[in-house]
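Okay, so chain A shows up in both of these, paired with chain B first and chain C after.
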Partner chain A sequence: MHVLSELLTPGRTVCRAPGSSKKRLFETLASVVSEDSPGITEADIFAQLIARERLGSTGLGAGIAIPHCRIANCNQPIGCLVTLEEPIDFDAPDDLPVDILFVLLVPEEAHQTHLEILARIARLFSQSSFCEALRDAPDSRVLFQRATEWQA
Partner chain B sequence: MKIIILGAGQVGGTLAEHLANEQNDITVVDTDGDRLRELQDRLDIGTVNGSASHPDTLYQAGADDADMLIAVTNSDEINMMACQIAHSLFNTPTKISRVRAPNYLAHQEKLFTPDNIPVDVIIGPEQLVTKNIVELIANPGALQVLDFADGRIQLVAVRAFHGGPIVGHELQDIRTHMPKVDTRVAAIFRRDRAIIPEGNTVVEADDEVFFIAARKDIRKVMSELRKIDKPYQRVMIAGGGNIGATLAQSIERDYQVKVIEQSYPRCRVLSESLKHAIVLHGSASEPGLLTSENIESTDVFCALTNNDESNIMMSMLAKRMGAKKVITLITNPAYADLVGDEIDIAISPQQITIGSLLTHVRRGDISNVHSLRRGAAEAIEVTARGDAYSSRVVGRRLEEINLPDGVTIGAIVRGDEVLIAHRHVLVETDDHVVLFLTDRNRISAVEKLFAVGFGFFS
Partner chain C sequence: MAFQDADTGAREPVNPIELTNSMIFWGALLALLCVVASGLSRRVGAPVLLVFLVLGMLAGEEGVGGLRFDNVSQAFLFGSLALAIIIFDGGQGARRDTFRVSLGPALSLATVGVVLTAGITGLVTHFLLDLSWLESLLIGAIVGSTDAAAVFGLLRSAGLQLKERTSATLEVESGSNDPMAIFLTITLVELISLQAENPGVRILGAFAEQMGLGLAIGFAGGYVLVQLLKRLSLPVSMYPLLALAGGMSVFGIANLWGGSGFLAIYLVGILIGNASLPHAKDIRRFHDGIAWLAQIGMFLMLGLLVTPSSLVPLVLPALGIALALILVARPLAVAVSLFPFHFPWREQVFISWCGLRGAVPIILALFPSLAGLEHAHVFFELAFFVVLVSLVLQGWTIAPIARWLGIEVPPVLVDPEHLVLRIPDEQEKEVLVYRAVAGSPAIGMRAGRLPLSGGAQLVGVVRQGVLLDNPREQDVELEDHVMVLGNDGAAPALARLFTPADASSSQKASAFYGDFVLKPGARLADISLMYGIAVPEALQALTVGEFINRQFHHKAVVGDRVSLDSVEFVVKKLDGDQIAVVGLKLG
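Take a look at the complex of A and B:
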């Protein structure tokens, strides 16, 4: 079950981040991921996330979004979990604002495995009890713990 | 999307109007408070009164959160500087700037890169207008000629006349008349109302018909709708400014070109840079000059000065004195509505510029937007991304695609191949699809149709 424990690190888990817009949020995400993942630049992550979003929203509905894209110099799939202080507009299919984001960055090759990982993440985040537990987390340490130790 | 528009002039204002209704968050910046108030009375937008390139103005306009900056103030330098500030201080993802001066545009590729002047998209209205007029001169009788897929296919607007073989007949008869030519009529406007054409739609005289065809077939299709005009030979250009000069330069090898310019020093410059065109010093509103330069045997008279009133008056004069066609540059939209049949084609630089700007504002992978019929309709070229699972378009035959009302698919371009839209054509990944929207308010539905699903990795 622990798809997240393979993808996340404590450094890439941020609880109740401030952020008033999609653009600023992507800046935060790009900076968090690049600091924790040598070889991947902040500018590249930012540009790729924006480009993917332009083709169609990665919002899942019910306040969840899973922005994902391929990245150069990325050796293995990388995850980053962020909950937000205030929900932001994300052009989600149900038009609800988003307050939980899981970013998935994958290497440029091996298409099929990525789709499977993405599907597993989407299944996990479609459980409302899991999302509620993440929303309630008081700090990043607990958030990381809950995300990686969750039993369905 | 959060979009900051710098400059509340005609382009900035019209753009705000287009975008404000499309679930965007728009802020307009200008130094003229009255103009901003006037816009804000009509539209649901934010405004900031200040110097467009100043960091504090941009900050106030919400540059921290903005997805896009569109710089269309009157000053090239302010526009470019604003893009630089937005890049350096606010990390704005997309920066679009209007740049007019041919001097900057001549070095476009070297200047406008992320490491130099960080502008993602340069819009040069004069270049766009010139290109537009060149196509109109090359296609006698067309009201509009618009390129898609780098000119492989074109959308042409033409008024149907008695004497065109298809007039009074059903559209499907075109195939029997011209079995080797493939075309698709994308829309018909009859007394200003849009008709979505079917095979059994009967074309009437005076219909404004928009059809799509490969570039090489345009003339043949036009000959179905009206008695075709002879190719133009003699072109007279009134006004030797940027547009007039660039136009003269790009057509002087293929046509007999005369340029009339009032300023003597400018005439000297023109006659040095033009190899074949004849440069005349004088005013095109002087009947004497027009007579002595054989206006009666002129095929096209282009009024391209920077003064609307002069352009309109000299066009009417030229037309009355025997010019076969007049093409008139009109920047004031109110005038464009006002002028009647005496002016054959009114060119609006704003509308052309806006189409070009919208290409980069729309969601999705879009390579062309043309704003039509004074902004009421739109033709777009969008790339179908994703696969049969992540797209609602890819892997489907055209008849299976659930198009919004008032939207037709005209053609598909696959690499170098042009496929005119027929029911059975199957859309493949990365096809360029050309669509016609009789009502531009359908654009959100089209964006949604082409949006990739959740499972798509870019």
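Take a look at the complex of A and C:
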């Protein structure tokens, strides 16, 4: 089973988004996800993601971040992949700016599965060859293809 | 103390010039062999000190070299010198910022621990050998001190890094227990040779005098020496020599005045190592080198001094004593000494196993000969054998045991090669020049926006020998030289920027610390909401930092971990004595 193909849709894959600030970026992420996922509001996603970020940065290091949270009215885990034109400061543990983000929203129940999916995604994004392939993607279509068809 | 020269064998008169030349040649050749062998022993995993010892024995009277050396008073002179240098170097390596977790436990091990180790070993010796109580205790005192340099050498060559609590405790212990073991040995030797009354009272009085004077002279001498190192204007290469000569003077004067010279020189080492001196790095490097030379010389000499065939009849009792020391005395002494400090059990087991005996016991074993005690050779041979067993048994197993106990932390990034220009002012700032080698994360970043931490500032970028105009607006390219103004705090961030990204080490780090991080101020209640983990009512109000501190009695170190429901919190970074970053390990 491939994790990303079950989590992503072409609509929730954005290539080379213009970078600005962390806060503006989270607004963008929230709007991208809510447009593609009926029943979940942009404000709710934004508030929950920011609440998680307040506990500590979700940056993994090496330019990768995986913002994540639990969300009400969500039936199944939802992913959203965004690469940035310009890396932005993310308070990541290694101080390096971030240019690849994978947002993961999970339902409020079933927390053990939530933790497992999160750990698997973190492992996937810690492979530098995978991240390089994503960085090189010229447009959103290729980005979606590379992300969902990657063989670890 | 009566000096007795054991060198009584009649010899042919030899031309002194020829003798000198041949001594220089054989000495240098042996040292050369030792240095080369130390490289080899890294690959085999054998303790390098063992190699020196065996080389000495091979060169000795019953080995291929056939060199005769049995002058105890000469051996004692060289041994004391070498020991003082090694302890001095150990003091310089003891960093004050680790004292937070190491000072109490190490001092307890160095005092209570040494007495217990000596006592229990003495008890066993009394039943194994036909020796009096005092003589048996003397054996215990002789083998009472540990050698951490050997332990760290072994761990380094195995690529292991220990948690700070364990490594700093072992390090400070091994420096500070030498004065104690030396004191006990000298006192017991005196008691035996004088047949004195009231031994208990005399020991306490002598202890107060030796340690009190050692402390006072060490502090005063260290203070004066630090001032001299700061104020005297000398050629650069003279500073390390000034430090060495100063340290040895303090050692000498403390001994002459009846204090513990070893304690004094250890303190001088600590003061020098923790002062901010103009040529601190040169001084450190010089002393590391000369301490190695002292180790090599001492073990070679001891290998020469021993007559292997006379060890044979003592094999069984010596083995018994060594095993009792390693398996009973040390673990018990560690358990009692560390009881008040709440060490995690794995670290306590490791510290018990790390009671590696080095050169100190063998030097101390010369004391009975110098004082002309009965059975003097028995003390020497027993001590020699115990050290040998300890080096083989513990030395060879330390790295695997550290791995098995899981008390290692992923090694921190090694500083990539860079230039340092010190700016001589009060701020202790440096201009650091890093090269953007292939694969450095810095390549492609805007130079003005490099994530420099600790108040570091960009000075400029040199590309193909030319200083770029307006460097802040340039992207860093391959082979650029980036110049940064900063202090020590800037180094870790710079190291990350200019070291080629290494996937395997970062994967190891995330397997150890977890993928995500938390601020220490994050509340458990909020974390529980975010991840749906169960947090007991009583813990809801705590922050994750408080939760960890509660488990480790406010002395957490990097690598300490606590689990809660299905997640684990791991201390990832400290800032002074405060937890700065907590790793979150899922599932």
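We adopt the following convention: the second predicted complex is superposed on the first by the 151 of 152 C-alpha atoms of A that agree within 3 Å, B and C clash if a C-alpha of one lies under 4 Å from a C-alpha of the other, contacts with A are read in each partner's own complex, and residues count from 1 in each chain.
The working rule: a contact is a pair of C-beta atoms (placed from the backbone, for glycine too) under 8 Å apart; a residue touches a chain by one contact, two chains touch by 3 or more.
Bear in mind the structure is a predicted one, so any value in this text is a computation, not a measurement.
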Mind checking the superposed model to see whether chain B and chain C fit together on chain A or clash? clash
Looking at A:47 after the superposition, I want to know if it touches chain B, chain C, both of them or none. Which is it: first, second, both, neither? first
Partner chain in contact with A:57 - chain B first, chain C second, else both or neither: both
Scan A:27 for contacts with chain B and chain C and give back first, second, both or neither. first
Of the two partner chains, chain B (first) and chain C (second), which one does A:70 touch, if any: first, second, both, or neither? both
In the overlaid three-chain picture, which partner chain does A:119 touch, first (chain B) or second (chain C), both, or neither? both
Superposition clash, chain B against chain C - the stretch among 238-246, 274-282, 382-390 or 436-444 that is involved: 382-390
Once the two structures are superposed, pull the chain A residues common to the chain B and chain C interfaces. 51-52, 54-58, 60, 66, 69-70, 111, 114-115, 118-119, 122
Applying the document's contact rule, which stretches of chain A touch chain C when the two form their complex? 51-52, 54-63, 66, 69-70, 87, 89, 93-97, 108-109, 111-112, 114-116, 118-119, 122-123, 126-128
Of all residues in chain A, which touch chain B in the complex? 20-24, 27, 46-48, 50-52, 54-58, 60, 66, 68-70, 106, 111, 114-115, 118-119, 122
Using the touch definition up top, name the residues of chain B that touch chain A in the complex. 2, 64-67, 91-93, 363-365, 385-386, 451-458
Chain A-touching residues of chain C, taken from the complex the two chains share: 441, 445, 449, 451, 453, 493, 496-497, 501, 503, 506-507, 510, 515-519, 522, 526-527, 529-533, 566-567, 572, 581-582, 584, 586-587
